[in-house]
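You will see two complexes here that share chain A, one where it goes with chain B and one where it goes with chain C.
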Partner chain A sequence: MGELLKNAIDWAFQPTLYFAGTVGALFAVLFWRKLFSKTVVITVFFAVGTVFMLWAPSDPDFKKIITKPDNIPIVILIASVVFFTWLALRQAVDNDRAIAKGEPTLEAGLGKKKVFTWPDLVYVEFICLILFTAFLIVWSLKVQAPIEEPAATARTPNPSKAPWYFLGLQEMLVYFDPWIAGVVLPGFIIVGLMAIPYLDTNPKGNGYYTFNERPFAFSFFTAGFLLFWVSFVILGTFLRGPNWSFFGPFEYWDLHKLEPLVNVDLSTYFWNMLGQPKPLDPLVREAPGIVALLGFFLVLPPLLGKTVLKGMVKSMGVVRFNVFMHLMLWFALLPIKMILRWTINLKYIVGIPEWFFNV
Partner chain B sequence: MADETQETTNPSNEEPAKTLVRSPLRGELSRRSFFSTLAFGWATFAAASAGLLGAAGRFMFPNVLFEPPQEFKAGFPSEFAMGVDERFKATYGCWIVREPTGFFCLSTVCTHLGCTPNWLTADEKFKCPCHGSGFIMTGINIEGPAPRPLERYRIVLAEDGQILVDKNTKYQQEKGQWELDGSYLEYA
Partner chain C sequence: MQKLFQAIRQSQIWRSIFRHGYPDTPRNRTLAVLSNTFLHLHPVKVRRSGIRLSYTWCMGGLTFFLFLIETITGLLLMFYYHPTADKAYEDIWALREHVPLGIMREMHRWAAHLMVITVWLHMYRVFLTGSYKPPREFNWNVGVILLVLTLLLSFTGYLLPWDQLAVWAITVGSNMARATPFLGHEGPGASLLSFGGLNLVHAGDDARFGLLAGRFVGEGALLRFYVLHCVGLPLAAAFLMAIHFWRVRKDGGISGPL
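And then the complex of A and B:
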């Protein structure tokens, strides 16, 4: 029974299923938000989680990965992210109900109630500070610092993991050239986040939680943060093992577990399909990928603007819409590339190593 | 806007602007000296920054560099067994590989982001622990994100018959340099 469950969990945590599963779960939660924001749901989740955490560490491999000093914060992160997502959803659902009835939101009442900074606020802050310091002291005494072997040029630890908050970036590096995953995409993340106040001028939802008034913003933010940051951190922490292979949470970290992952460039697929040798000129060789990318970035925005997203162009204006679309397309490149890698082993859409240009 | 209101409140037009400008008090900046002070401030800042940058630049060229020589003798060809020789990985950062037809010397720097891959004897490939790039024995990249094969170093026979590796010269496959003399040492 136990073994069966472990195998089932390992199976469910293979990359494609894991990713598809988290996407599906998130959309289910957002869609049936009335149901999922009930107190019962979160209680059951934490009850099951507790039982699981009592049972699962009996497995040595699971225990090892979960109690690594590096990984303990991630276990806490899972619990807190789930709780606060639930809380936000709960407040959004409550507010939506109130708004529909024409009643004031939860937060509207808060504005009227006033307390003193001193002592009411500072007192609470001070107590939190003391408790948290005590907690950190106990933690640092109980858990050894995650220090590795002395650095040596010839030995890179295997697996070699970034600090947990960078695991999302490290995961992106698996699918892209360092230039794209290390410079361009993070740049777009920062620029994109800074651009939000200029792109999104909708005053709804200012100072109160709501889903119904802005379904897209709510879902998009939740998806971006939970799927492309938190879930990558979890994946990088618990599921990546030696040689950066995937391992289920109950699986033994075997150095020699090898899935042959022969990756192929798009150009190879294309010229093989035509039954011709690859042309020597890199521009001609990579023409299919270049055309695909140009189409993606130059043709898709106006096309969508003319058809499906007509309303969006109207409400946002042409400039805002185009900036927004380009940010979205860069964002979309990540899951597209991941799925292509997992399904057809695609390495690069455009791969010109001669010029250090690989997408 | 300001002029208009002034005009309406001052219908007699008695040079209202003059009353607004007063000469600076002692210890106060005048309009003129404001700019020279500003220029002085910026010039000082620029000089300090230039000095700092210069010092930082100088730091990049240390007086002494403790690194192994870029050229080394690896021993006689007959001493090598077939396959990947890992003896020079830690000291010189390269693998010397012997094939039935000869030798070549691979750099231990992953072409993705520069980690050091491991040679997995059983699986006959180099596998990078950072993002999972894999290379076959010849250095060709077959899996993971590495965009190009491992680089090769110049490998020749010295006069005394030993293998001589020169890391100053690199050969990159994607540039067609593996065809060049020195990238491969024929030895049967």
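And then the complex of A and C:
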């Protein structure tokens, strides 16, 4: 029974299913938000989570990864992200209900009323501070900070992992070369975050929780943060072992587990289809991928702006629209590449290793 | 007892520090906030809706608090640590072996992890309450830089124990810089920057070299990360936090319905 369950969990956590599962779960939670913001939901989640955390460490392989001192924060991360998403959704649902009835939101109901900082704010801060300090001290007494063998540049540990908060980027290395996963995409994440206040022209939803008044912004940000950042960190921490191969949570980290690498470039597919040898000039050889990318980045935005998203261009203005579209397309490249990898084993859309230019 | 407290409160020393009576009247409550260096970061009065725990999650405050813990514990750790390749590891080991009940390193490490989590959650709540919208656009941007600084602080600190975990995590992380377009020797475009057949960008002068002060994670990188971790980045973060808090007030306090 236990083994069966473990095997089922290992199977369900393989990257494709894991990703599809998280996407589906977030979609369901946002779509049925009235249901999912009920108190029983979060109670059941934490009850099941607690039972799982009591049972699962009886498995030696699970215990090994979960009790690594530096992995404890990830468990805290999972619990807090779920809880706070629930809390935000709950308040958004309540407020949306009030707005629909023409009543003031919770925040507006408390209104312009002002209270003294001392004591009303100071004591909340103080309690937070005391509880947090106590928590930290207990944690520090219980768990020793790790120290491994002294640095040896000749001996590479397997797996070599970046610090946990960068594991999302390391996971992207599966799908992209370092210049995209490690430089361009993080750069665009920072630029994109900074651009948010200037791109979001919706005046509503400023200073209170709401979903209905800003459905796109709410869904997009939760998706970006939860699916492509937090869940990648979790994947990178718990489910990636030696050689960055996938391992289920109950699987032994076998150094010799090999995943067959059969990935193929787009150009290979293309010239094979034409039944011709690959041309020598890289630009000609990679022409199909180059055309696809140019179309994606240069033709798609104006095309969408003239047709489906006409209204958006009008309300945002041309400059905002174009900046927005380009950021979106860069982010879209990640799931596109992931799906192409899983379905047709695509390695590179454009692969010019001669110039380190692989997309 | 009562008398003793009374006497203390009326002594010249006490009154030189606290220039107001017990904060139970509006006047004294105002003075308590205004005349205290730390509390005066706050306005005297705040919006009721903005200080609910379920609204802010206290995440900005906790991030700041964790930053203070890091400063204090970090300072203590600096007394015992030499940023050199032959001393660093031994010093960390000695902290564990020779200090009974020593938890400074633990506090420093766990608080650092937590700070990364709280800063993410803070950003999450600021987004979900739409608090980046006018007039708070600029403060959101200050926040994004603070987020990057928090991650860099953690990243530079990760190297300092100088064990296998540290060195290889930084190696993996900094390998990315090798692939920076034009600036890394394995980045697209770098080969275009050549002069008479000589590459201008190579392993000995590219972005990664600048980060690590060498071709691999060695003593130069340790010193560079140490200085950034203990001086450069904390100063930058403290500076930006001052701006951040000031702007929270100048933008009308914690956000609420207009």
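Methods note: the second predicted complex is superposed on the first by the 351 of 359 C-alpha atoms of A that agree within 3 Å, B and C clash if a C-alpha of one lies under 4 Å from a C-alpha of the other, contacts with A are read in each partner's own complex, and residues count from 1 in each chain.
The definition used in the following text is that a contact is a pair of C-beta atoms (placed from the backbone, for glycine too) under 8 Å apart; a residue touches a chain by one contact, two chains touch by 3 or more.
Note that the structure is predicted; figures quoted are calculated from it, not measured.
Asker: Return first, second, both or neither, reflecting whether A:Val115 touches chain B, chain C, both chains, or no partner chain.
Answerer: Second partner only.
Asker: Is it chain B or chain C that touches the larger share of residues in chain A?
Answerer: Tallying touched residues of chain A, the top partner is C.
Asker: Could you tell me if A:Lys101 is touching chain B, chain C, both of them or neither one (first, second, both, neither)?
Answerer: In the superposition, A:Lys101 contacts neither chain B nor chain C.
Asker: So in the superposed three-chain picture, is A:Arg155 touching just chain B, just chain C, both, or none of them (first/second/both/neither)?
Answerer: both
Asker: So, A:Trp244: does it touch chain B (first), chain C (second), both, or neither?
Answerer: First partner only.
Asker: Between chain B and chain C, whom does A:Phe176 touch in the aligned arrangement: first, second, both, or neither?
Answerer: In the superposed model, A:Phe176 contacts chain B only, not chain C.
Asker: Per the contact definition in the header, classify A:Tyr165: touching chain B only (first), chain C only (second), both, or neither.
Answerer: The answer is second: A:Tyr165 touches chain C but not chain B.
Asker: Share the list of chain A residues that count as touching for chain B in one structure and for chain C in the other.
Answerer: Shared contact residues on chain A (touching chain B in one complex, chain C in the other): 152-153, 155-157, 160, 170, 177-178, 181-182, 356.
Asker: Would you tell me which residues of chain A are touching chain C in their complex?
Answerer: These residues of chain A touch chain C: 70, 72-73, 76-77, 80-81, 84, 87-88, 91-92, 104-122, 124-125, 128-129, 132-133, 136-137, 139-141, 143-153, 155-157, 160-166, 169-170, 177-179, 181-184, 190, 193-194, 196-198, 200, 203-210, 214, 217-218, 221-222, 225, 230, 355-357.
Asker: Using the touch definition from the top, list the residues of chain B that touch chain A in their complex.
Answerer: Against chain A, the touching part of chain B is residues 89-90, 93, 108, 112-113, 115-118, 120, 122-123, 127-132, 134, 142-145, 147-148, 174-175.
Asker: Considering the complex alone, what residue numbers of chain A touch chain B?
Answerer: Against chain B, chain A makes touches at 152-160, 170, 173-178, 181-182, 242-245, 255-256, 258, 260-263, 347-348, 351, 353-354, 356, 358.
Asker: Would you mind writing out the residues of chain C in touch with chain A in their complex?
Answerer: Interface residues on chain C, with respect to chain A: 23, 26, 29-30, 32-33, 39, 42-49, 51-55, 57-58, 61-62, 65-66, 69, 85, 89, 92-93, 96, 101, 103, 105-111, 113-114, 116-117, 120-121, 123-125, 127-134, 136-137, 140-141, 144, 147-148, 151, 154-155, 158, 161-169, 171-173, 175-181, 184, 186-191, 216-218, 255-258.
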